[in-house]
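The structure follows.
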Amino acid sequence: MADNLLSLMTFFPLLGILILLFLPRDNGGLLKGVTLAVSLITFAISLPLAFDNVFTTSGGMHYREFYQWINIGDFFQMNYNIGVDGISLWLVMLTTFITPITILSTWDAVEKNIKGFMAMLLLLETGMLGAFISLDLFLFYIFWELMLIPMYFLIGIWGGKNRIYAAVKFFIYTAVGSLLMLVAIIFVYYFAQQSGALTNGFGIQELYKLDLPYNAQFWLFLAFGFSFAIKVPMFPLHTWLPDAHTEAPTAGSVILAAVLLKMGTYGYVRFAMPMFPDALPTFIPFLAFLSVVGIIYGSLVAMMQDDIKKLVAYSSVAHLGFVMLGVFAMNLQGLAGGMIQMINHGISTGALFLIVGFLYERRHTRLITEFGGVATKMPIFATIFMIVTFSSIGLPGTNGFVGEFLALMGAFQSGLRWYAVFATTGVILAAVYMLWVYQRVMFGKVTNPENENLKDLSAREIAIMLPLLLFIFWIGIAPNTFFSKMNPAMELMLEQMGADKVAVVEMHQPADGHAAGHTNGHADTNADHQ
Amino acid sequence: MEVILFYLTAIVAIMSAIFVTQCRNPVNSALNLITVFLCLAVYYVMLESPFMAAIQIMVYAGAIVVLIVFVIMLLNLGLAVKERYTHGMAGSGVLAAIVLFVANYFIRYGEATGTGGSVTSEVVASYGHTELIGRAMFVDFLLPFEIASILLLVAIVGAVIISKREV
Amino acid sequence: MYSNLWLIPFFPLIGSIINGLFGKKIKNEAVIGGIATGLMFLSFLVAAQNFFKLLGDKEKVHELVIASWMSVGNFQLNWELLLDPLSAVMIMVVTGVGTLIHLYSIGYMHGDESFYRFFSYLNLFAFAMLMLVLGGNALVMFIGWEGVGLCSYLLIGYYYEKKSASTAANKAFIVNRVGDFGFLCGLFVLFWALAEKGVWTLNFVEIAESGHLLESGGLLITVVTLCFFLGATGKSAQIPLFTWLPDAMEGPTPVSALIHAATMVTAGVYMIGRMNGLFAMAPATMMTIAIVGGLTAFFAATIGLAQNDIKRVLAYSTVSQLGYMFLAMGVGAFSAGIFHLMTHAFFKACLFLGSGSVIHGLHHAYHHAHLHDDPQDMRNMGGIRKKMPITFITFLVSTIAISGIPFFSGFFSKDEILWWSFGSTRGHCLLWVLGAAAAGMTAFYMFRLVFMTFFGEQKTDARAKDHIPESPFTITIPLMVLGFLALIGGYIGVPKILGGANRFHAFLAPVFEHAQHANEIHAHGSHATEYTLMAISVAIAIIGIFTAWVMYVKNPELPGKFVARFAGAHRVIFNKWYIDELYDFVFVNPCKKIGTFLWRGVDVKIVDGVVNGCAWVVKGIGSGLRYTQSGYLYNYAMIMVVGVVLIVGFFVF
Amino acid sequence: MITVNHYLLLSAILFAIGTFGVLTRKNAIVIFMCIEVMLNSVNLTFIALSRHVGNMDGQIFVFFVMTVAAAEAAVGLALMIAFFRNKESIDTDDFNMLKW
């Protein structure tokens, strides 16, 4: 059992799909119940991971499984090579945690073809879990593409009015990135074979050890980075996100925000950055710049939205900017901030999409102007929305703060000081757009007669939100639960990324970085003082 | 003798082929097609492949053309001939000429390599053509043979499905 | 030894949770109010116990680590509390005034629909404020710092059905966020600067110990302290971020008293006091603080001259008084600043509660008479002193205290500030002039307020004026206690020159003295100068009071003439120097425009334009090429043959 | 003496005629027959060369071509019947639904 825990967890949802196939198509309750049960069992299977203390002591890969899969002699090998470490651990947990919640949230929302919908959700879960645990580059690519398909159908079949456009846009955007990545993967493999370094398929731990020439790293990082940047999404490759989010059904939006976007950031941490450490110093200023632009841009655009869902979508762009900035800081604080912010974003933004979903189910509109004074009609909803809003704003004591704070602190300590200053303005802007929308939706008098009969949250809806609220406070107050298991893995990863090669200001030594050109002014003045 | 037979048969084959392409009535085309097949069977015999000749007559002249004629009769096409039954004569003629030219060039300047294989006239005479074919087919080409049988099965099923009324 | 310190913030938190979750079920106002007030009082008792223990203790700095919070590599952060004289004073003020205001709220909020919500918020606020003052490292302090901002937001927007209330709440939070931006930047830069020296810490004690590693007066320390000061201006409503405080008066009056007068807004002052070691090392920042403080004191006082809303006058008065405190901090009179913070907490809380009592009475009267007049407009008041004698007396005492009349609490603290601003090594006589002028105006507008409200004819609508009752005892008891404190609170800090021992100063000395000595900050000058300055400031105050008496009691028509004479100046002052409009013009509207432009312009037109443009090009090519698909068999056959010929031909030739 | 080239030339002529027929005729069944002519010309080539090089493989190939031709005849004619049923015609000019 424990030997194959990860495989069991990953493929259990597929088993669920198999069960669904044999159930009658008309019995919606049964279908939903079975799906929920399957996702809950998946969660239960994954639980031992969260309680395993091996992660606190060792940063390497655990729960390894290795089987040969496609083996054409020396020409082509790929293996079923999976494992989990402190970095992927919480993302895996987030996935198994969020999926039952989304399934529960669609209880009344989906009417047509429930069977297909549920099957897609489960397929998506398998894809996401597989991508997080793959240690073989090619296997990763397969799962990466596998995620794309159910999401495409979720948007395209169960989406809103403009769903076809959104689904195609989402698909093509992502596919373009994926193809670039595929080319890069093939090239890496080719190169590894040439150098004779590869004995183990596309195993990333061996690819880490490849010493590619700078030129190759440059182009490969570009290809990988581009692909992941689309998924993150980083400015200016973000425009699929608002459309996809707006048109997707609530469950789709939640999973898209909570997990799928993390694929991009995770890809940077796991693949792009450690595999091509020499190219990093060249790209980091540029990427950090885009992250900061994303933060400010996303916030400003979010401010002016009239559709709540779009607002949340743009706020995602800003939040993920913090993640990326933290990751690019290339030090432990920044990386920890980035990683925890991924989880946070999954929880907070997922919760926000659920909240928008609640409103949408009641009123079938998402326009802010249609609402107003909802707080008087739905006090419990108002409270929950308020907590989530402040979590999204990053109020200390909630999860958002821990992530933003550490990410920014990391950035301040690295060569990204000036970027961090601008990124910090995002803290103000986040308050502006979130509070403004909260005011317009919840406060004031009920002006629209259609809002008179709004019902407060049902027990099911409260049950959906409670676990999320729990984690909002848990991460905010005792993040060490998470950090203690992430730290060893992050230290290893930073070593692999060659954190010392990048112009990071280490203790006792002032910045000398060539790459950190922008920061020189600041660092020099500091050096003068010494 | 052999030369005369070759040229005579060639003339018949070519003429019949032209009739196949030019006859107004499809039934006539079909009949001419049989002639072409028979001529080719003659050549197969001349090439010391009597089994292939037999197959040629049975499968092509026997089965396929019968099928074609059947369909023609079934659809009653013999009477439903339109005013214009051809098109693009000039262009197609030029194209066919070019094809011929290319093929001719190919034959003239090409070189058939690998001559002198194990299957000589003596071998054929001593073993018999049928046995040779059988050996090759059921020993060396067993798998393709089986696949071909499946192909035929699929084709039969497909034909039945397609020609069903509902489609 | 001080291990029960954590109980101080814990009690209100419990209260908040109980009332927040179960208040709706409890329903009984007495129970809800009792829980909130009782827990607050318990917290006060624990605070008092710790305070007196600290008084008798030789060791003045105590830290209590509760648990680890974040631990990432070298960065180790704990949930930790810090008790030293400074935080001891603050917890006494917060819990003491807090308890009184809780008690007051039971009476004031009587009959409110969501009574429990109010008390839940109020307790939550007390928790956050106590975390702020007790926080042992900058981040725990920041929790409190943002937490009070959150509660301020919730309480200002308490009447959320009113658009103006929710807008004011948003404004308060967002403007505070601007300050928080500064706070965070300061924190980051400080942490980085210290980490470079090998000290990875945010702990206040350790920061104070290793502050000397940074170069005194250097750029880095100036940047750090200026960033922190930006944070302080946001929280404490100083120029340029003061605009939110007057709007914050949309909240219920006890909120204004607790949050926007006594406690939260003084957080900035407290923070500077907490980091006095760093600030003392940055003379440029100190000067900035002093100038900003002085100017705020002055400008806010001018705006206060012309307001008619009773709470707004008090709000501007608060801004002005906070300016005083910053002036004190800026000139290095840290203990004087904290002293004024404390006395101000007493008399300003009393004033707000008194005004609340008046509003409550008027509201009651209007309600009785079915009128909808504004119960906060002073032009509808007058002559109330006979109706509400207790309110009147306590109000008058506090007004005298704020005006700086000798032997009331405000006199001692304000005078010490003025003296330091003149005589300190970091002071300047112009700062004194600003302060003194503001003091005169304060005396004027505060007495204008008293005269308009309590003296003269009753201008309240005739139908309502006989129904103004004195407030119930839950309201008057806090008033009396606070009035008493406003009267005598100054005696713990009587300066040496007046024969006192200035025990307050001595008590805080362990916190401030080191930095003052190390950076040569002290007030110098002869006793004669000090006496003279004292006399001048008292004279100015009396002139202010007299002017108010002349204008609002003796010749009530005088103000009208005055306004007519200086119409332009009055309009500017009445409209608060058009600062709000200026900010709208400079920040808010451009932000909105940029946002719209980025969305409609960049996002939709440029980025999506490129994306859809690619799709459009592909589509165009496709729709051109599709005509090659004629659908005719022979066309395809022809093309195929041509292709075969070409390919074979290519290989043949 | 008849060499292999004679056979090849003859098969080329037959192939060209078949091609010509495919391109010019409108009647689908006649086109089909022309294709059979082309296939047979190829068969002839195979057998001729098989003899020439002394190897049975070419003849086996012919066998498979015949198999395919038979399958094609079955399916192709079924298609024509189906088409005729819908369009009352097997004229290729009417086969133009698969366009833009």
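We just call them A, B, C and D in the order they show up, numbering each chain from 1.
Throughout what follows, a contact is a pair of C-beta atoms (placed from the backbone, for glycine too) under 8 Å apart; a residue touches a chain by one contact, two chains touch by 3 or more.
Just so it is clear, the model here is predicted, and its values are computed rather than measured.
Centrality by Cα centroid goes to chain A. Per-chain CA centroids place chain A at a distance of 64 Å from chain B.
Chain C and chain D have CA centres that are 93 Å apart.
The geometric centre of chain B is 7 Å away from that of chain D, both derived from CA atoms.
Distance between chain A and chain C, defined via averaged C-alpha coordinates, is recorded as 37 Å. Looking at chain D, residues 19, 23, 93 sit in touch with two or more other chains. In chain C, the residues that touch at least two other chains are 634, 638, 641.
Touching two or more other chains at once is no residue of chain A. Two chains count as a pair here when they touch; such pairs are A-C, B-C, B-D, C-D.
Of all residues in chain C, those touching chain D in their complex are 626-627, 629-634, 637-638, 641. Residues of chain C touching chain B in their complex: 634, 638, 641-642, 645, 648-649, 652-653. Of all the residues in chain A, the ones that touch chain C in their complex are 169, 172-173, 236, 238-240, 242, 297, 300-305, 331-333, 336, 373, 375-376, 390, 395-397, 401-402, 405-406, 408-409, 412-413, 417, 420-421, 424-425, 427-428, 431-432, 435-436, 439, 442-445, 477-480, 483-484, 487, 491, 505, 507-508, 510, 525-526, 529.
Touching chain A in their complex are the following residues of chain C: 67-75, 139, 142-143, 145-147, 150, 153, 157, 160-163, 165-167, 169-170, 173-174, 177-178, 180-181, 184-185, 188-189, 191-193, 195-196, 198, 200, 215, 218-220, 591-592, 594-596, 598-599, 602-603, 607-608, 611, 615. Residues 1-2, 4-10, 12-21, 23-27, 29-30, 32-34, 36-37, 40, 43-44, 47-57, 59-60, 62-64, 66-75, 77-82, 84-85, 90-91, 93 of chain D are the ones that touch chain B when the two sit in their complex.
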